[in-house]
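One chain, chain A, links the two complexes that follow: it is found with chain B in the first and with chain C in the second.
For the complex of A and B:
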């Protein structure tokens, strides 16, 4: 009933003023700055053609956890495009701004693109880093953000864990030891992925950066090609950064229709091509195949298979007193 | 042993000691104050004047500049008024809890700005005490201009009052008491006796307050929501640009901030020089 009223209101608005100015607020995570700049321009053009309305998509970027927290505290997002499902679960759970089954509303777990965790090393790979065990060799310094605030950091942590638990002879206990050893090699924890990239690339700290695949490619591109190399480990994790309409906010603003169209657009051929160009792995098989050179086919563990889903992973590893708190002792 | 008979140097230290001490002081200032300032301008102009100016004319940069000026234009007058009122209360009257008030005024100096931002979040955030009511009435505080202004007012609270209180307590109440005994009203005592005595200190306070209001990062960062082109102030925009790999543009905006601070200091020095005599008269010590 309420939806109908809003729809009617929207219709009458459309009738009254032909070319309305509409705006959406997309609250996102750190490394998507370039991606959504491109997506927003493409979608606004399409929306203008379809409806005549001039659409402005405003952006707010932060570490995924920090962005989630801001929306819970009242940052008026029409849509959220975060680094991992738990951060949207938190919005559904703590602020009740969208239903808890939000992830079922769009195809493929509401993730139009995926990514993974790779290593970025300095040109020539002076430490000969090829796979996860090389990260804990004496003298190697690893840069990765804080898993408490950064989505990318949590994916990196889980990728390392999955490797250590699933390798021949691996176990939960051995994985915990490996992770503890790994974080002893981390000199500084930034709050977000982009902060860590800047620490590694611009300030020259560390020998290897655990990074989103898209972030590593971008750093490579920004640096002009001959300063860094990307190393793909023997296996990594399937990172699914999901998207959702924030129902209560969108309904209050009367923007549900355009917000839903915006997220649908992310699955279109046009958007998938943009995502691939910005180094996110597109869901579309043909477009993925066309960009296969940028996305080497390595085995990727899924969070459901190894960790029993995000809720459980978050609780076991990243909650207060969880495994990360037990193993991370700064300054040792 | 005959210090009264010959004019003495300020200290008896060896000339070499003095030289070393002076060099250390100058070196310290150069290293920690001058060098960063020079670096900011150097980096800003690394790709030429044109690209620095172009960076400042980007819509998001213009919006950040405008927001910073708007925030300062609201916060500084508020704090000037409050600072004057508080200094007047504390120095011209006796009342119970006076020391407590003086201590309270200093709180923003001692509390981390991030904490103050979080406090506003606890009060006005959607999960905070007033959040749901505000939303039901369509009032936006945090993640919008009012929240940014509130956070800035909090952080710059003490600047004017702290500048005025020592001066006013030194000047005492004699002149005001004389004015009142001659039949002046409270208002005209303030306007014709107190204000002329403190106008320079008041102006300094306002200038410092303004510089800090434009430059505040921590508290504003918590309540801003970082919406580009809407709620990013100049300092926040510097961080955004830096993290966007736009280093020259980041330093261009940073240089503009530094320039504003330098202009503020310049005005202060100019006033001191221009009105040296008058200032000495009100600072009668």
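For the complex of A and C:
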């Protein structure tokens, strides 16, 4: 009799889960906390209307590389939304949880929103920092995280490199010299983007912070607008933080449909508006135009054009013994 | 003795599951790249600098803690004064505080615009984001190890010997050096060794105040994180093995020293 009751209870639980409760795990990188809080609420409301199911999207935030490693080591993500394609490549490559052509599955390199690297300086811009060469003037201190541990820092590094290589008279060798000089002006290498923002904003270290555009806007907003200024250099990099369904996990959970709808939703007008509000550059031209004040139009190099894609950039610059390690060899 | 078989069984199982098996997994890992690969991974200038900083700072911090920890323990055990219980509770804070919180608090204090950092900066002394910052964090987290191991031994120390020394005409310094210190030495060494071991592997409280510049203020645990970030699990394990080996040798030597000083008494 008791067994029967338990069985009935279990059955009714299963039934309930089937009809009404779905949950997704989105494993993301650090600065997207605010963004996905808004996105998740909007999508859950839409999903309820469409299917009647109650959707809960659980988030796990960490440095992009750490998040990627967690998924490889078994964190049960249905979708990943990371800072750079290499970190999702690693999941495809090392854990084989999704096909290696994942970036072709959604429009625009699977990146519904983009960002770039800007300078955050102290109010009044006392060092008159306007462009990349100003960062290596004597006496200027630059704050940026360690590219080995931070996705945002890699974008910053590549933005500086792209400037130095692509400017008139620039070359690969000159870019390397510029980068070496630039990192000689860095007094603190934090492990993540948020850490660097804190070092610059709270601890008062450095004259300029190389930052995600959205982080810079956030720091500006939090400080009340009278402590910092954002400076847009003459050019920067097109940072594409991509998204993907983790096929094997989603199939095992039976959540593929909702996971795919979730990522599709990121391209919708409603979500693009939220992304713009949280200072990510929306792909939608109209919404981007409506927020043009927040997103000045500067030339942005893409990683494919300058570096031949992430795999190559990672190998040349950030792997063990790569350019970043070389510029920190003693005596150079 | 009754119960030996059972309790030994529990001990062996418990230690194997919790300590031995994870450590064995760590030790097996680096050799997949061969001895040359292992050697190359741990002898790059950056890794060597990081190991030197982690072990050096931990040793200096432990030495400083052994002196000041002894004083703190002495005061807390030997004297009765208002607020003693309060100060006693203070000592445990570095144990209880999440290490990241300690690290953020320390870096806020010692940053050039912090309460302690600002006056020091005027004198031209930089603490936060330098190797000195690492030292400060390690002193902070190591203190309770020395104080808490010393306290019960100090409390049990009988005063007869001291009084006898005094009646025999020993000065205070003489009775401290000849009577008190020798009986405390084994415990003091234990506490110092624990503070050192904790300091070598400490990550959370150090990472925010270190500055993390390659070759300058980069600690060994961060090198492990960086290797993991490169998906170089074997390289990370290699550094782990070196740290483990060095700590083991150091602790073993300290234990031997302790046994020797105990036998001399």
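Here are some notes:
Just so we're on the same page, the second predicted complex is superposed on the first by the 309 of 332 C-alpha atoms of A that agree within 3 Å, B and C clash if a C-alpha of one lies under 4 Å from a C-alpha of the other, contacts with A are read in each partner's own complex, and residues count from 1 in each chain.
One rule holds in what follows: a contact is a pair of C-beta atoms (placed from the backbone, for glycine too) under 8 Å apart; a residue touches a chain by one contact, two chains touch by 3 or more.
This is a predicted model, so every value here is computed, not measured.
By the touch criterion defined above, A:62 lies against chain B but remains apart from chain C after alignment on the C-alpha atoms of chain A.
Judged by the touch definition given at the top, the superposed model places A:90 against chain C, while chain B stays out of reach.
In the superposed pair of complexes, A:315 makes contact with neither chain B nor chain C. Touch criterion met: A:203 reaches chain C, while chain B stays clear of it. Shared-chain residue A:234: touches no atom of chain B or chain C. By the touch criterion defined above, A:177 reaches neither chain B nor chain C. By the touch criterion defined above, A:195 reaches both chain B and chain C.
In the superposition on chain A, contact of A:54 is made with neither chain B nor chain C.
Which of chain B and chain C touches more residues of chain A: that partner is C. In the superposition on chain A, A:325 contacts chain C only, with no contact to chain B. The intersection of chain A residues touching chain B with those touching chain C, taken from the two complexes, comprises 72, 94, 195, 202. Every residue of chain C that touches chain A in the complex is listed here, in rising order: 45-46, 107-108, 111-114, 128-129, 207-208, 211-215, 222, 225-232, 235. Contacts from chain B toward chain A in the complex involve residues 121, 124-128, 131, 135, 140, 142-143, 225-230, 240, 242-245, 247. Against chain C, the residues of chain A that register as touching in their complex are 65-66, 69, 72, 90, 94, 146, 148-149, 186-191, 195, 199, 202-205, 318-320, 325, 328-330.
Chain A contributes residues 25, 30, 33, 58-62, 70, 72-76, 94-95, 194-195, 198, 202, 222 to its touches with chain B in the complex.
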